[in-house]
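Right after this note come the structures.
The same chain A turns up in both complexes below, where it pairs with chain B and then with chain C.
This part shows the complex of A and B:
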């Protein structure tokens, strides 16, 4: 099989990412799809570390490090300056789930509502991994974290950030994972060529936080997609939904959960697991219905 | 030469940003600042000012936006007040560490709760330690000119600066002023010449992780730049006089030569203090006034030279609870380094926009002359209490709900 992944790299071979870090891989892939005329904005997140301490810098694009809650607005300010200077530089905000779903949501909503001309990427490892695995509003039901211990695991579903972003009627929002790089790159290129606020939600495995071996990261991210826990799709103009990957070999969600130690409380609770299964099914059905609405002819099966 | 106009303090600040050719402006509405950015928004919309205006969803974001735009090489401006300045606090630190010469106008406003839109200096002075240059305007002319003066220095030392003016007393009061000729301002304030512009051809990282090996030195450079800013403010203030006809400096002394008692004051209330000083002089009392124009960098030398050996009443429209009025703290600190013994009396007044009238200042003068022991904090005008320190054994007057009508 031949992938259309550009050979060009915009990241140096060395960085401080953990083994199997989905966030590091996501950055590598996304930069392949953007042009040389790109500036990245990174708020507090794992990538504040991964890029390296002064004077080390792993990326081959300028990075402006910023405060936790300001990724979207910092990118907006930089873009405004570039436009004022007559430059069409791509400005990409690059934030984790904490910086997107939680503390950065206000500034992100503001930028999206104004349709600021930025690409916002959330690399989502489903908890505050950089500070040592605390729950975020992206943490799925039944998950162990250091602030949702075994005795009181996460009880609420993962916040659906894609629906929130789509509700802003931005030109483009898409889910992706570096474990399906062709799909990811296609979406980066679509985002690159559009104008306005473009949002990419990238599931990014965190072996230490997900409690699994670093060698399982790719398999876990693929299983998340194939079990329909994390479907790959895009939303244009906030309404037009297209599922971009229909699971070829369906994976039982339980198999996805069983790959990771963080889901032990969920696997130990059959009732909760049944609820989670129903939730996954209903979310998938809703997504398929929205896809069919936009694509009257069945696109795939 | 410029043109004579009649403007409010707020609109004068807008003209300050316009004359400075701010290129990216971002702000969030808050009373009593709002009319500054309303006018700027109109100027941008009409093309009168060639700039981008970002209508953000919070002051925190306003400050972040102008930091980003400044880091990318544009001259940037924002304005806020009270709660808004407090919300910006985290990013005020960021602007310093990022070495972005952002300029901000703060219309001083009392902090909630209870809600108050009236003048008080505590919001501004609470930002003392973030590392910004801080100036306090007294007149509408200064509300405009200090923005220009601030850019001139900020862009030489790569530090941000804020200009304060009093809520309503200055922000919404119209006074005549000279709106300077654009070409004259351009000659005084050259275009921003940034060191870096987030240029993809030079892919550097800005503001990332710094280990203990390097952090101190990086911060030291900012501290050192602030020390330099003191001298540059003086030079740029004098040049402002030569180029634009108004000479500015970090302090503004009045009738100080033979003064025995001296008031220290900042902002618009100073105009009443100045008038009170002339009345006291008519009574044969050797009174003087030292207005603080610069708060950061603090004018240590000027304060020491002008105040040492005199009886000083510091008029603080602010309070650092558990300590003193903030200007009083700072004055005492400046006088602790080699000055002749100086009696400093801290007076706290005008909290929450309570009027500071000429009579109020004369009451303070009477109180000052009756004392012979320096006092840390003396409260002026608390209902039912004479001027004096906080007293647990004295109750304030019962407040009559409808007696107080907002001015």
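This part shows the complex of A and C:
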């Protein structure tokens, strides 16, 4: 085996995710890095469905389904209750980008500000996929969704949730994607062993929503990293930035966009595309500068 | 403890406690399915002996030396030999060739050879009671002897020279293939029960007709040892390059003078030139075409240049004469004309002559086989032996092969021929050896550069076996110029292999399955009850071992 991925599974074969669901794969990998003594708290999102219809479910750890905006506060409450019972259970809030960047942000900010002892995972498929591909504040510029159709595609940049979370000075925040499984697992393990609010932002392809073949899901997530559209990095204590993957072979962002039908409006608009390229470059430069601040020696790459 | 008694007043909340396994049979959604379908890697395809390269790499990396050796020797009994002298066409085929360079397959082959040098050969099949004579103990003869013995036949190898090995012992210089290695390999064949009779030559003590009477089959692989004549004035003043190579295996052999020339552009010419350099002489290769047309292995040419061999291209000797102790050679300058039958541009005379002085001039313009021992009945219309693809001749019991059949070729081609003939002999007289199931199960398709998915492999520069630099090579004289990789280097190099067409249990499919529909049982097992047919495993499999087939095709069977 070329990967340092545990064989052990904490999820049953078969789940109600679509073919090639990045969110399902993200869950599978994250649970490999946690322990059996874990509770998952899932607000309204695709994963409410993926886990299976009551009374059966796919995860081998308990799932608490909760309202769309309440993942962080429910996780906080469950953790408090577990502590009352004398148990040091890991409580993981597992929410989509809609439930994190948008409606759940207030509860998440509150929990992070109090440094609640929870792991909060946002599996980010860059839209409200479960209700039929509506835009969220995570949807990138130039994207088609059902609420940003071809005539007026998304005009605002993707919200930078990592900067928001880092601004709370929580012990750990990291980006990851299952296309780089060893990097993802390493971050889950770091989060698992820390205390306080830990935030994982996992880019998770949605083939139906991204308008691409399911077989290309991994390739798309990999290209997101290699094109620096979605850099892999971690932030300790809100300030210390480490880039964990320096793209070996830079992929042109346009190649990443071209893999997915949802970016057609962007590809049809050269000016917007040029703006997006500048944005990607500026964000990467900012990130590298922050990495260098924390790592004065130039890192490999 | 806070007062929690009011909790009982809340309505019950539904909690999912039961496992979904068996309930959510997501396999029903599928309209196509992944299947494991092993095929031929590009390196194996380019190997004249079809060695299953990724397959033995996998055993090697897992520390399964016996399996690695058994896998390799299914196609080639002599990794220690080809691991040193193979022109590695496999590496040119490697799907990593355009990245940082191919996997160092020959160096790994040598590593395998050295790591398994102490192992005995696989046990032979039950005795068939048949007897096979092999005439000639070069690579073709030894390879045939090995596979025939493994098939359960009694095998006797006849050799005209005092020691067995043929070209391996006498033709290839000591610095490329030490005779000690040849000795070991012959001892290992003897341990299988193969008998060797040296100092007996076909046409001399040995008569083909008698052999046919005495043996159930005879394989003749006596090589191509006759120097070709150039037809130039004073040709008798030239020495045979091949004879010099044979002599060079004896310690104390010295060239007759400092200034030596070698005529030719093939491997023999370069072996002679490089040997001359090691024995302290100057060597100038005179070749009538340019480096692009040279038949010699490219790396031999580069090594010769490094070692200070001088090359005079577009140069043809026209006449030789003695002038005191000097040999005076008249050289004509050539130019390239239109391509000839071999596709190489034909050298044409320009009429410009010059003279050069040497102490010795070696002829190495190619060797041919002697057909003297063969009756006319075995010859075709062109006067050459009539030979089938596996060495069949016009006589039922007689097979021929190696350089005798092909003209001067490589060791690995001779080894491949030996195995083909052994199989043809088995077909005729019965007998055979056990071959693993994968041989029959493997598809014929070759996995090419557009099939593979190298995305999960990091950039890694190739690791190479140690090789002396030119100065050290010359200082080492006839001592061996290359070494063997360390264990760590070999493992790291095997990790570079994409394992095209062969599942080496890399785990990529397992890791990327969103549906836990691939069970890991020392390799992937597809769980069709749950597999949704998303195609990720097929797309991500580095070596293109997983294919996606439509369910309707599966149903049709």
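Everything below uses one rule, namely that the second predicted complex is superposed on the first by the 300 of 301 C-alpha atoms of A that agree within 3 Å, B and C clash if a C-alpha of one lies under 4 Å from a C-alpha of the other, contacts with A are read in each partner's own complex, and residues count from 1 in each chain.
Here is the rule we go by: contacts are C-beta pairs under 8 Å (C-beta built on N, C-alpha and C of every residue); 3 or more make two chains touch, one makes a residue touch a chain.
Everything numeric in this text was worked out from a predicted model, so none of it was measured.
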| item | value |
| --- | --- |
| Touching partner for A:28 - first (chain B), second (chain C), both, neither | second |
| Partner chain(s) touched by A:218 [first = chain B, second = chain C, both, neither] | second |
| Which superposed partner A:246 touches (first chain B, second chain C, both, neither) | neither |
| Touched partner set for A:109, first chain B, second chain C, both or neither | first |
| First, second, both or neither for A:39, with chain B first and chain C second | first |
| First, second, both or neither for A:181, with chain B first and chain C second | second |
| Chain B versus chain C as contact partner of A:7, first or second or both or neither | second |
| Contacts of A:20 with chain B and chain C, given as first, second, both or neither | second |
| Chain B versus chain C as contact partner of A:284, first or second or both or neither | neither |
| Doubly contacted residues of chain A, that is, touched by chain B and again by chain C | 51-52, 54, 57, 60, 62-63, 84 |
| Residues of chain A touching chain C in the complex | 1-3, 5, 7, 9, 11-17, 19-22, 24-25, 28, 51-52, 54-58, 60, 62-63, 84, 178, 181, 207, 213-219, 222, 248-249 |
| In the complex with chain B, residue positions of chain A that touch it | 36-39, 41-42, 48-49, 51-54, 57, 59-67, 69-70, 73-78, 80-85, 89, 106-107, 109-110, 113-114 |
| Sites on chain B touched by chain A in the complex | 23-24, 26, 51-52, 54-58, 60-61, 64-74, 76, 90-91, 94, 197-200, 202-211, 214, 218 |
| Contacting residues of chain C [partner chain A, same complex] | 1-2, 14-21, 23-27, 29, 455-456, 458-459, 495, 505-508, 510-517, 520, 527, 529-530, 532-536, 538-540, 548 |
